[in-house]
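One structure is given below, represented as structure tokens, and several questions about it will come after.
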């Protein structure tokens, strides 16, 4: 069951990703990306990361991608890219490079790995406490500093958007 | 459950960061409350400067300690403090040179100062980050601020373009960095640098290919930020398009921060695998120096030329990383400090000499400066000679430091390539002095506006450049006490 | 007393300094008095020194005066020290004596010249240098004098520097001399290396005590190198070419420097180093051969020259050849004796020719002279005495010295040397009388304008002529066979170092016995034969020379063009060197060396221009670079071991 | 000596710079006079060095040692011995003369004089530094003012020449820089002490292979500076384009830094390799002598001619140094001074001609003697000094050098001696074409003879030319102790190499033999 | 049985696709989306590592990555909007005023 689900979701995500990069229409691309994101969210659930999965769907597939779509619509980019590609010569090498990169990573993955230290958060342990609660706990203990500082990041982003995108300052 | 230890949250240790954040918000608030008349916001610069001074004082108070707070994820040691000083210094100098510039370019918004301050926070976090997450967050705070600052002249296509290029490539490279972090995490089970080091030590220093791939990906991510070849391509375009003051900032602060992180990660976490990564950094260092210097020869735009020069300097700094000894680390600290003075100084001159919309930034526009404005010309000459590594300027001592480190660790070949490169670099630095002193002027220099703040920046830079060159010992000793490695 | 010898040096130097520094502001008379006074005083002191020397026993006639240490470095030491012995005393007498006369003569000769003070400054400087050369007690000091006379010669030849030919000649003289000096300098170094000293006394003592084997390689090389120096200074083959050109200088200069004194420095040097030369039979052979060949060679050129001074110049070369021949066969006394007599009569001849030129307002071509004996009788008479002396007619000075050389070349040399010397003697007599006849006899061939202004020279010019004529007439009696004063006087130099044994042991070849008196007769006959031929051709049958010239067209042309040696040298050395130099400069320096330096720079610049094209401005390109870098790094990191 | 006289000499010009800075740049006459006065004061300050110099000892004298960068063991450590004494005097002597010769400069006088004074500081610094780091700082510092002098106040191709000068020299010196650092670590490895003290480095025992590379690095730096054939091509360009004073200083002092470097650093630090390098360097020197002379001969530009003659003369200096005996080295040091004086004077003279006629082409002159006789006298004396006429300074140096080389390698000395002939050829030919013959250009008929200022520049030089030529002992004696000591130091080690090479056994390098002053025994001189 | 390798390979595929997309697409927004795809691939590997290592660091990291991604998305889109205002295009091949 788990394996089937994995393979299905993997196939969906990869397929959607392929469409994403080859689809001419930006809106369609965005939709394919959402598809990928959702299938990854499913995989998160398989990996017992329920909170992350939820965030993935709500924040990522929901908020962020809507933002994308919104901008695409705003800029009225619902048209195909120009046919002429000044860097046409790069297309094939780029794909070859991509394949090469993938093969390289696979080659390395094939070698012996996963010697990492096993942590204390086994599935059972996580499930007894609850994934979300655990994350919450960690956020305010171990990860307090980055968590707080992320606020600065978001603040910066807000300022940035205003500065860059507001029509009149 | 983890024990929640109050002692672990040492607020004092992040006081400088909080100060900067506070002052950033104050700047925004004051800006909001004050009448929106561009050109009349001197006080914002002063507020920011006060913030920096306060932060610097707070930073100084914690010198001499070696403290790891926030669950060992935030390091307050001499190393990070030294870097923090460099960041604060560069930010301060950039604010000094910005003040007049942003008025001229009509981008005199409070957000400018706030973003610079916030980006400094990111840098400090990178230098202090003792785990990969903090470094990552710091990197993002810094980068996002600078993406915005790069595009700050939003009505200018060049600025937009630079911003977009930087953003896309930056995000792209961050992807690699993250991938690397995830693989390091996967193969060690830790994101804390000390734990990673401990893990490798536990394995007797041997690592598997996966780990090495992670390391390689981190090299890409950080190598992008320090502008090393072949991840350097964004640098000239972005440096050229960004507002000049921000270019000055970018060439110093973020680069220094990236180096801070680079050294901390590779010397503390990956220190025992030095043998594995030194070859890669070796090649990158050679490429970076050479490509930077060689292409700089062909430039006519001074901002672009300084961009390539900054690539080349990244190469020199990487030599110290390859050497991976005490001398190298303190050398980098010294060099970056020296570089801060000379590079921001040079950009200050560029700003003074350029006109609205970044006109007059071709090298040929400098013709005849030498006898029209002797002070500016001599200052520029000092900065350029310092960058070329000619004594008695700071850059010379910095190079001395770094090449010493290389030779001490036995990398004579690298040192030789380094010095050959510095000979090549002499050419294009000299060319500017040639044009300043030995060519007839093609423009008139009457309309230069020299505000007191920018003069202060130039004077500070000159003094710093000369002082570090002639009497370097005090700073050197501090740098040597700030080494990451056990002495 | 001997300390006074410093004054001999000092007076001319002072004279030169005064005339050089403030002479321009002085009146011409004053300048002349200063110059002549300086030399006169020097001559006076020389005489005093000479007398003092005579009062000493022959073996004690050596005195050295150390002034100060000059160059001293490690074991190399060279002092400024003067040496007084019969040889140097003889030389200073000749130099100051003849010099004095020529100085006096010059006052008249140069009176019209603008550079009057300059001239006397140079002339005094020359005298100083020459005295330094002969008085120096070590090789290096001799070398100093050697170079300094070269300098003076340079300055005086180029005295009329506006004339290109004069400045060319000056330059040529200096440079050709430098070639010889090159050998001399190396010789000195080898002396130092071999004997660990360069003091004459030490070196000669060491050499004569048998520390160096006879005919040893080192000594041969030393002496050859020294001889190389001598060929330069004394205008021997192959370095003689400068001397004829040197006649561009004022005539008194030619008399003093290029006839009487400086050019004999080579002979002096060989005489001085006789100990060394005797140790090397090979070098002696070379010296004798070169001397003999030069004598004949120069004399043959002298046959057909038409410039009065050039004839004398070739004659000088030829006579110097005699001296070398003498030295080469071991007859140093004869050489020095001839040196002295030659100084008298050649100075006389030159001054006489100067007087002629003076009279003819600068005309030097003997084809345009003739019949001058009535116009300028004093000059004519003195010139005649000089000519007779050089031709070797007894009892004039040249006869005795030349005869001794002829004798020695036969007794200590071989028949070949003698026969060459004899032929040369014949030629000498011929061309000298040709000169005499063409100049003073026959019809006047010059243009009338010049002829109208002919006048005898002033007294201050004729008096020196007369004195020299007297010396030329009687000077030979110092070396009259049987009562050879010179021989006795110089014997401490040439006879006391034990070199006689060496001479006997190996230096000389088989002795062919000759009767000295028979030889005298023979040489007289030869000289007379030459005179007769000249008389036949230029007085009796003036058309004969032309016919002969047409008959022996090729030989005549070769002789007239001095065997084309100048041209050959020009092609071989001057042109070739210039070509090579231009090649080195334009090709090697500019194109290869500098080209590669600039090439590297240009290559890097080109590389920069190529590499910058990678910076396309396209984000996707940049991403592509990152990916390539990424793949390389990952592969290298993971599998790069 | 309690008075830090060396520091005074070195930094007084810098103080002078501040004086000049305070002067209004329009009052150029005042600027000139100030600069001149400063440099003259420096010269007089440097005279006590000569008189108080103790010739009996080889120890460094007038030593000052202050901590500078303690963390690296870098000290401000200066001092002089018999080798550097005269080069310092030469520097302080040449500088006022150059300043005096720059009176005609009207473009930015203030900056010009500042550059001159900074240059003086750097030059003196190079000669007194006993700390290698300090040495290198001065060594490089000297480039900047010289570069500006050439580049700003130079001739039409000044920029090319200035950049070439700077980069060429830097290119050489960076390797030396690395070698200095390497020595630093070698010393640390050997003794555990971090220092850049030259005198400490002298005691190092470095293996042959390491010496080889270090020597090579130093060699390149110095060979370019000298400049030795074939690294000389920057010199003609720099000389031709530099203003008169620049050429004078370049020829007079800067080139000496290279040869000084060989004596001070290469020989004592790397004795074995230096010795092994004798053939290489000798051949380069000989090539330089002959090549420089030949190329000088066919130049049509006076300055270029003098520049190539420098190549030739410096070849002699190099040859003398590598004769490895007292005559050679003392001769070389003397020749360094001689070359400084005579070539400096030649450049002054060419400068005077240029000022009058604005051309340096030989073909534009001719017959000048008639018009400017006083000038001609000086020109002649200097020319003869350059030719090496006995009684003038050039002879003393050249002859000692040749004697020295002759003692060790007869062939080399013989080949080099041909330079004497060639020198006469090119110098006299030049002299003839400039000063003799008819006046061919009408402009030359109205030339003015030397004025008082020009006399003031040349008379001191000419006096020295005679002094050295006639009584060189007042110079040579001060060198003896130092040169002997140097040779003992070098000889002790190099002798071993020599013997080992002779026997074909290099493995015996570690043996100790008694040092000899003349490294190559006289009796065994090679042909 | 789904192993870690499966997840990692999937992650690698997605990452590579993102990389290729960046290299071949011309629309700035799509390129940006490709970058988002890369980040998601990384997130996937983080989570799977965390799962198989019994560790929470991975999940926490992903949490932060998402936050950062959100911030970046906002800024990035703002930049694109800004540039569109000036150039009326988001084709990044048109954005090479600055080169060489």
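Per-chain residue numbering starts at 1, and chain names A, B, C, D and E are given in the order in which the chains are listed.
By definition in this document, contacts are C-beta pairs under 8 Å (C-beta built on N, C-alpha and C of every residue); 3 or more make two chains touch, one makes a residue touch a chain.
What you see is a predicted model; the values in this text were computed from it and never measured.
Trainee: Chains in contact with chain A and with chain D: which ones?
Mentor: Where chain A and chain D share a partner, that partner set is B, C.
Trainee: Per-chain C-alpha centres versus the global one: which chain is nearest?
Mentor: Most central by this criterion: D.
Trainee: Per the definition at the top, count C-beta pairs in contact and tell me whether B-D or B-E has more.
Mentor: B-E
Trainee: Based on CA centres, what chain would you say lies at the far end from chain C?
Mentor: Measuring from the centre of chain C, the most distant chain centre belongs to A.
Trainee: What whole-number Å value describes the gap between the mean CA coordinates of chain C and chain E?
Mentor: The answer is 96 Å.
Trainee: Averaging only over C-alpha atoms, locate the centres of chain C and chain D and give their separation in whole Å.
Mentor: Measuring from centre to centre gives 37 Å for this pair.
Trainee: Averaged over CA atoms, how far is the centre of chain D from the centre of chain E? Could you give it in whole Å?
Mentor: About 65 Å separates the centre of chain D from that of chain E.
Trainee: Could you state the distance in Å from the CA-based centre of chain B to that of chain C?
Mentor: Each chain's C-alpha centroid was found; their separation is 78 Å.
Trainee: Residues of chain B that contact two or more other chains, please.
Mentor: Only 133, 137, 140, 144, 147-148, 151, 154, 163-165, 168, 172, 185-186, 189-190, 209-210, 213, 236-237, 298, 427 qualify.
Trainee: Mind pulling the residue numbers of chain D that touch at least two other chains?
Mentor: Touching at least two other chains: 167.
Trainee: Enumerate the residues of chain A that touch no fewer than two other chains.
Mentor: Chain A, residues with two or more chain partners: 86-87, 90, 94, 97-98, 101, 105, 108-109, 111, 114, 116-119, 138, 142-143, 146, 150, 153, 156-157, 160, 163-164.
Trainee: Which pairs of chains touch one another in this structure?
Mentor: A-B, A-C, A-E, B-C, B-D, B-E, C-D, C-E
Trainee: Would you mind writing out the residues of chain C in touch with chain B in their complex?
Mentor: That would be residues 601, 604-605, 607-609, 611-612, 614-615, 617, 619, 621-623, 625-626, 628-630, 633-634, 636-641 of chain C.
Trainee: Quick one: which bits of chain E touch chain B in the complex? Just the residue numbers, please.
Mentor: 8, 15, 18-19, 22, 28, 31-32, 35, 38-39, 41-42, 45-46, 49, 53, 55, 57-58, 60-61, 64-65, 68, 71-72, 75-76, 79-80, 82-83, 85-87, 92, 95-100
Trainee: Could you list, by residue number, the parts of chain A that touch chain E in their complex?
Mentor: 2-3, 6, 10, 13-14, 17-18, 20-21, 26, 29-30, 33, 36-37, 40, 43-44, 46-49, 51-52, 55-56, 59-60, 63-64, 67-68, 71-72, 74-75, 77, 81-82, 85-87, 90-91, 94-95, 97-99, 101-102, 105-106, 109, 114, 116-123, 125-126, 131, 134-135, 138-139, 142-143, 146-147, 150, 153-154, 156-158, 160-161, 163-165
Trainee: Please give the residue numbers of chain C that touch chain D in the complex, ascending.
Mentor: It is residues 20, 68-74, 76, 140, 143-144, 147-148, 151, 154, 158, 161-164, 166-168, 170-171, 174-175, 178-179, 181-182, 185-186, 189-190, 192-193, 196, 577-578, 580-582, 584-585, 588-589, 593-594, 597, 601 of chain C that touch chain D.
Trainee: Can you name the residues of chain E that touch chain C in the complex?
Mentor: So the residues of chain E touching chain C come out as 19, 22-26, 31, 92-93, 95-100.
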